[in-house]
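Chains: A, B, C and D, in written order; residue numbering restarts at 1 for each.
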Amino acid sequence: MCGIFGIANHPEAARMTYLGLYALQHRGQESAGISSSDGEQVYTHKARGLVADIFKEETLDRLKGSNAVGHTRYSTAGGNLEGNAQPIVVKYVACARGAVALCHNGNLINAGSLRMELARQGAVFQSTSDSEIVLHLLARSQSDDLLSALGEMLPQIQGAFSLLLLTEDALIGVRDANGFRPLCLGQLGDSYVLASESCAFDLIGAKYLREVEPGEVVVIRGSQLQSVKALHAEPRLSKCIFEHVYFARRDSMVFGRTVQSSRDRMGRALAEESPADADIVVPIPDSAVAAAVGYSQQSGIPLAFGLMRNHYVGRTFIEPESRIRNFGAKVKYNPVRELLAGKRVVLVDDSIVRGTTTRKLVKMVRNAGAAEVHMRVSCPPTISPCFYGVDTPTKKELIASSHTIDEICRYIQADSLAYLSLEGLLNAVQSGPGEFCTACYTGRYPLNLADALPNMKEEDEGRQLDLWEVALKETV
Amino acid sequence: MCGIFGIANHPEAARMTYLGLYALQHRGQESAGISSSDGEQVYTHKARGLVADIFKEETLDRLKGSNAVGHTRYSTAGGNLEGNAQPIVVKYVACARGAVALCHNGNLINAGSLRMELARQGAVFQSTSDSEIVLHLLARSQSDDLLSALGEMLPQIQGAFSLLLLTEDALIGVRDANGFRPLCLGQLGDSYVLASESCAFDLIGAKYLREVEPGEVVVIRGSQLQSVKALHAEPRLSKCIFEHVYFARRDSMVFGRTVQSSRDRMGRALAEESPADADIVVPIPDSAVAAAVGYSQQSGIPLAFGLMRNHYVGRTFIEPESRIRNFGAKVKYNPVRELLAGKRVVLVDDSIVRGTTTRKLVKMVRNAGAAEVHMRVSCPPTISPCFYGVDTPTKKELIASSHTIDEICRYIQADSLAYLSLEGLLNAVQSGPGEFCTACYTGRYPLNLADALPNMKEEDEGRQLDLWEVALKETV
Amino acid sequence: MCGIFGIANHPEAARMTYLGLYALQHRGQESAGISSSDGEQVYTHKARGLVADIFKEETLDRLKGSNAVGHTRYSTAGGNLEGNAQPIVVKYVACARGAVALCHNGNLINAGSLRMELARQGAVFQSTSDSEIVLHLLARSQSDDLLSALGEMLPQIQGAFSLLLLTEDALIGVRDANGFRPLCLGQLGDSYVLASESCAFDLIGAKYLREVEPGEVVVIRGSQLQSVKALHAEPRLSKCIFEHVYFARRDSMVFGRTVQSSRDRMGRALAEESPADADIVVPIPDSAVAAAVGYSQQSGIPLAFGLMRNHYVGRTFIEPESRIRNFGAKVKYNPVRELLAGKRVVLVDDSIVRGTTTRKLVKMVRNAGAAEVHMRVSCPPTISPCFYGVDTPTKKELIASSHTIDEICRYIQADSLAYLSLEGLLNAVQSGPGEFCTACYTGRYPLNLADALPNMKEEDEGRQLDLWEVALKETV
Amino acid sequence: MCGIFGIANHPEAARMTYLGLYALQHRGQESAGISSSDGEQVYTHKARGLVADIFKEETLDRLKGSNAVGHTRYSTAGGNLEGNAQPIVVKYVACARGAVALCHNGNLINAGSLRMELARQGAVFQSTSDSEIVLHLLARSQSDDLLSALGEMLPQIQGAFSLLLLTEDALIGVRDANGFRPLCLGQLGDSYVLASESCAFDLIGAKYLREVEPGEVVVIRGSQLQSVKALHAEPRLSKCIFEHVYFARRDSMVFGRTVQSSRDRMGRALAEESPADADIVVPIPDSAVAAAVGYSQQSGIPLAFGLMRNHYVGRTFIEPESRIRNFGAKVKYNPVRELLAGKRVVLVDDSIVRGTTTRKLVKMVRNAGAAEVHMRVSCPPTISPCFYGVDTPTKKELIASSHTIDEICRYIQADSLAYLSLEGLLNAVQSGPGEFCTACYTGRYPLNLADALPNMKEEDEGRQLDLWEVALKETV
């Protein structure tokens, strides 16, 4: 997961991008970067860490020009972390007549075979990232027109991608034909703005216009925007439903609808489908609050903020050597005894992945005196990993992939456990027919993953096995 | 404002202190420090920044020994910031037979005259902090017993102080006779623990025992605790009511009662005293959430999280040069249009200081489509500055010191405005007679401030004038 | 100018490389880097600054494996400095069956046309450095054998290059057919070592074996070394005479002979060719000391260290705003009045480039009381820029390119000025016929520079004009 | 050992001090600091590291005002290093009517008893440094005139001290009555300048005026200098002869005479006293070069720079785990084989302390092919530690304290060994009768050290024993 932002024709392009990334910080805390262009050169600064730590006045001053793009990157488990920060910048691409900076949100499933073929032809790779492939394909085009080159390149890549490209004189936004990942278009005076979520527009005072459409390419030069249908949008789209369940900020527009409303409806539907005889509804803060409010209002059971979240959690937190019970959960959450003591609690969360954290939280709530704990999850059981850009563990690690709801309930030691139904979820996000990808809940993948097989890095064995399994079955 | 933490007789004293400070991070983000002692030497590390950034594995490894104290410091406006970080350490104090480290939460009101007198006698000051005076007074004692020296020193200092002292072989906790600032005593196995708030105990798994009493000194050596009544507790105490209104963490015990319950009662009382004909109750996150929940439940008006808080706000945020409307508020909050549009909103906050932020938030809520905005504040109007350790602006800057509620309502452009009554607040915190200091709401100060007059630094002119005014009136 | 070092088959390959770079620090202080390989992966760390500052214990620990290469880079005037640090690493090159790290000392004169052609074919460039081109050419080879691929690549690049390549299982050293830049081969137990100068061998206790020959490729796997004549050595070689005049360390073997002896002979020949009626011989420290000793011993005029060099000169030295006479020279040198006062001084330096520094030093010596200053330079006048890797200013800036020795003497305000003759210099370095490149003193360039014309970066205008001029004349 | 610098009445006082410290960097590389004053406040910046690394443009900009003092500190073995950086600053001293910053070069021998007495009286110590005591004594004065207070304080401290004091409106220089450590007075336009050595004046273009006399206090306000004889100069002075032997820069005036000339005379006298039948004279660079030149010129044996010094030695140099022969010496020096091979070598150094380094260097020279190695030292054998500010090892560690010259010669494996005689040394520095302290060569200490006994820190056991021994004997 990542956040991307771009702006054209603005006197403070780099600063606006800084603010945009700041608003998109929740989409990635590992690294961030900005590239800007003044019509003659592309300037870049990227580093590990949070946006507010990486950029200083002087750094932004060096990022000259009126066009800029930026990227925030989610924490990944391994690999050469420094080399993976974006934007990826190349000094010269013929069809762009100069330098190009690229920001990518998503995951190319045929990265492996493309990479192998490119290497065979003599391409030289600087990173192991799939995003770099996009630039190699573009550079190989014999067309001297960027738009034609994009038209040649795009059909070759498969998977999930919302892309921003910054050339010396243009800003380009691209969204894959399935529409996996979001990309919004906005306006600020004479400037067009592109961002993963609309909350980035709010901070800089830009107006939300619309989504970039699946398969659409928008080319922005100065104050002019040109739209091209570069790829035929798939008849069945694959918008990532997890953006509405968990990932996006509650105050954003994503895929043309507001996340807050979706989560409220998830909570309400969950209350209808799976009521509980309880005294209070307690959300796991912060992401499950909206669904918990919906649950509370539908059920009439009062809301209580029985878990307190610590907002100063740093990434290099030092653990004590002596054993402190449930330390990991305690660093993040503290129970509020007064609210929980003696109460029958509906605990609302937006997912159960491995089950270990949920188990600790249930215990924490019980130790604080709760009489009963009824776990409610605002989406269906997560049974399959994502291959389109969400950082999920392997299938084996997903507790729901191999356990019944009863078994999970016993494992997390709750008094009851219920998930929102798939139908309930699709209604909550007001999905049109075939509009959303629900592979993580159904195991039905919208793209043929057989091609993806040889592509994975060898170290990534768990994920390889997942893919084998998927590839042997039918896809959607 | 500051947070303090101490632990004795623990094999990982410095790490436990690190965790304790981490839990008390909300009490101060400017700087932090830890001193530890192994019976022979005192080790110290302190720096500007957040606890998680300041301390690394190797830093903690160097803080040897089984006793430790720590301090987090609130942002202050000026002065030699680096020199003000605590613990303050001196290499040799005769009565302690070695080095002493001091952590201080509070404010001495006779610091100026003490300082002048000490300088006259040849004392050499390293900082402009009032806390350093405590160590000079202690050092001057001709007693060679630390407890006796404390007994000589304490009556000389006036004002608000919860102190932790670390000597080479003991941990000492002190609380002033008025009990202005909190100090809790806890236990973890064979270790006694002292902390500003009980949430620090929760993180390390320690048990809350009781408050250190006003005027009490506790001396901890190994697993033994000795309690001494060093100062006569005042018949009328002066516990800081603002701890319950705003400062302390909701999940803490402070002054022997839970903050969450106090805030819930404030919200309920506010709803009773000042109902509103509205559709939703919206808290200013995060501190006003508990009061808003109380208001919602008492009034039956549903709660809606119509303002989203950005939790990645860094301290060196770079502003754009171009004007973005209400930028300051936007960096911190974003309205959730879906929840606010067309609604009559009760906006709940826990204080209005200058009024400028409130004015921006009301506007933000209105711009997001709210039909009406009814402002409700969970305490009385703040009319007087604090001289006992809370960082308030000068009287002139406090909007309620010179404006009626109607005038404030017009200034913040709300449809209505109401504050909780003083009586309502005292009931909410379950105050015994004369238990709390309410000077910020009443202008009646529990200590004779006339002595404080010549003490203030000259630069601090606004505050000087406030003190003149107060000193000319009667004190409580 | 740069320093390069490589070692194979050593349990502490990265640490040995660190020591090697440390000994080669004089060849470049801008940036440094090391890549190591453990047979499966290539690890890299590079940064701006000095070797001792860049590498820490933990950095070296992460550079695993028994093969390693390293690079120190000379300060360059502009460009994207961070991107220019070496080794340059690519993740996958087909003929190497994995990652490759490259270190390059020298300058490719046909870089521009190669780059243009590669970009036309779709190559994606990460830097503006000519060194990156080597990897692209290698990657493009359809041979799946690294040695064959090198055999295809090498004839395509023209200019000066000593290269080290690290693959996942081999260390490779390459030297161009003219032998412009040095590359020494050494042995340390079962390990072969390669370095720009033999002083790097001394530090780690390795034995100097021989030079890598012009046109030779050495491939080292484990303890085995394979030598291949990949390029026909030119009948007229072009070893850089400036290495012996100034650049290399006095205690090194370079081009199979010792620098100390060469410089001593330069000084002696200079004394014979251009004696002076003087009292003392004063070297400009540190590089001219050896020549001055030779001059003193040949002439019988006693040596005096009349200029003191400050060895703590940092790179970010802050100048005062007020004018201090000859400040720039003073930061680096201070005259020793006792030695200079009343004396007729022979001042010995190893080059006069722009003349401005020499002028300041002559003045400094005179102000310290010298009666006469006779300037002696241990090489001929520098009249032409270098296009083979030495960082010289443009022709216009070289004072000797447009002024007679008399004019220069008047400009630097010396009482007399003499340079060593070309013949004297060639004798001093014991040059065989056609062994050394003397283009900087003669303007006769060993390679046809006409090809170089379209290659230069546009910003580099001064150098462009130099090349035009050279190209219009005959080359050697 | 330390370097100190001060300037008054200069618009760029802090920058001039920065330059001065830069020139005095050889007197201390552990830490450095500057305090400046603008008549109202004292500003300070100090840190570990080299001057050029510690101070940036912005740091210097913050050091406002026209008076400033600075300090560079020599590496010390242990203790709380950060707390020991100077200037030491206190916020308020009555007799100075404000803040005071102190820089101290030297060592107080009665620090321990003063400290004990001050602590008994209630003084609070921030550091373990003896320099802090000066400020406490000053603060205790009941005089409200700084000069009178100095007059009270100075007789109480015993030992070696050159002091600079910066108050809000004055710059003060003080030198002890024995004149142990140097302090020079200079002039730059309307500004007076004070520095440990005159090389600091040269860099900023200031004129050397004279030494501050033993026992003299100079008070500089604006462009006015007032001189007071605060202490009676001892009839027998105790100028540190080691400044001329090794410590000061060769291009400096120290104690009113030039170091270069002294060292030249030492070398000549050594050649006369202890000739050698040899082919070349080789100095240990850099400090022994001047003496070696003298030796060479007196003896007629040619000088050869047979050892090359590495000037990039960092303080955190990482050693390899595998054993490299004589690694420690190799990192610092490399032999130049061409010069040494087959030669009978006179190796000149300026001291032999423990003998271990000399032994390595002799071996290194022999391994490089020297036929014979004759060691010559330009001072007498070092037999006693210094208690007046030079960082020497304990008596037991000084090889000459317990071994004859023959034994030392065998230990270092030289063919012959000779030291300069005491008489030769005193002549070389042109000492008047009783002008220099030669305790390190004679064991006769100019101050009664009996008082010093209880003062030493307990950890410093070796030094304690040395003092016992000395105290039991007669002093000079």
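By our rule, a contact is a pair of C-beta atoms (placed from the backbone, for glycine too) under 8 Å apart; a residue touches a chain by one contact, two chains touch by 3 or more.
Not measured: the values here are computed from a predicted model.
Colleague: Return the distance between the CA-based centres of chain A and chain D, expressed in whole Å.
Modeller: About 62 Å separates the centre of chain A from that of chain D.
Colleague: Could you tell me the distance, in whole angstrom, between the mean C-alpha positions of chain A and chain C?
Modeller: Going by mean C-alpha positions, chain A sits 50 Å from chain C.
Colleague: List the centre-to-centre spacing of chain A and chain B in whole Å, with centres computed as mean CA coordinates.
Modeller: 38
Colleague: Going by the touch rule set out above, what shape does the chain contact graph take here: line, ring, star, complete or other?
Modeller: Topology of the interface graph: a ring, with each chain touching two neighbours.
Colleague: Mind listing each pair of touching chains for me?
Modeller: The set of touching chain pairs is A-B, A-C, B-D, C-D.
Colleague: Please give the residue numbers of chain B that touch chain D in the complex, ascending.
Modeller: 89-94, 115, 119-128, 132, 135-136, 139-141
Colleague: Can you name the residues of chain A that touch chain B in the complex?
Modeller: Touch list, chain A to chain B: 11-12, 15-16, 18-19, 22-23, 25-26, 50-53, 55-57, 60, 199, 202-205, 249-251, 258, 260-261, 286, 289-290, 293, 297, 302-305, 308, 310-314, 316-318, 320-322, 324-325, 330-331, 334-339.
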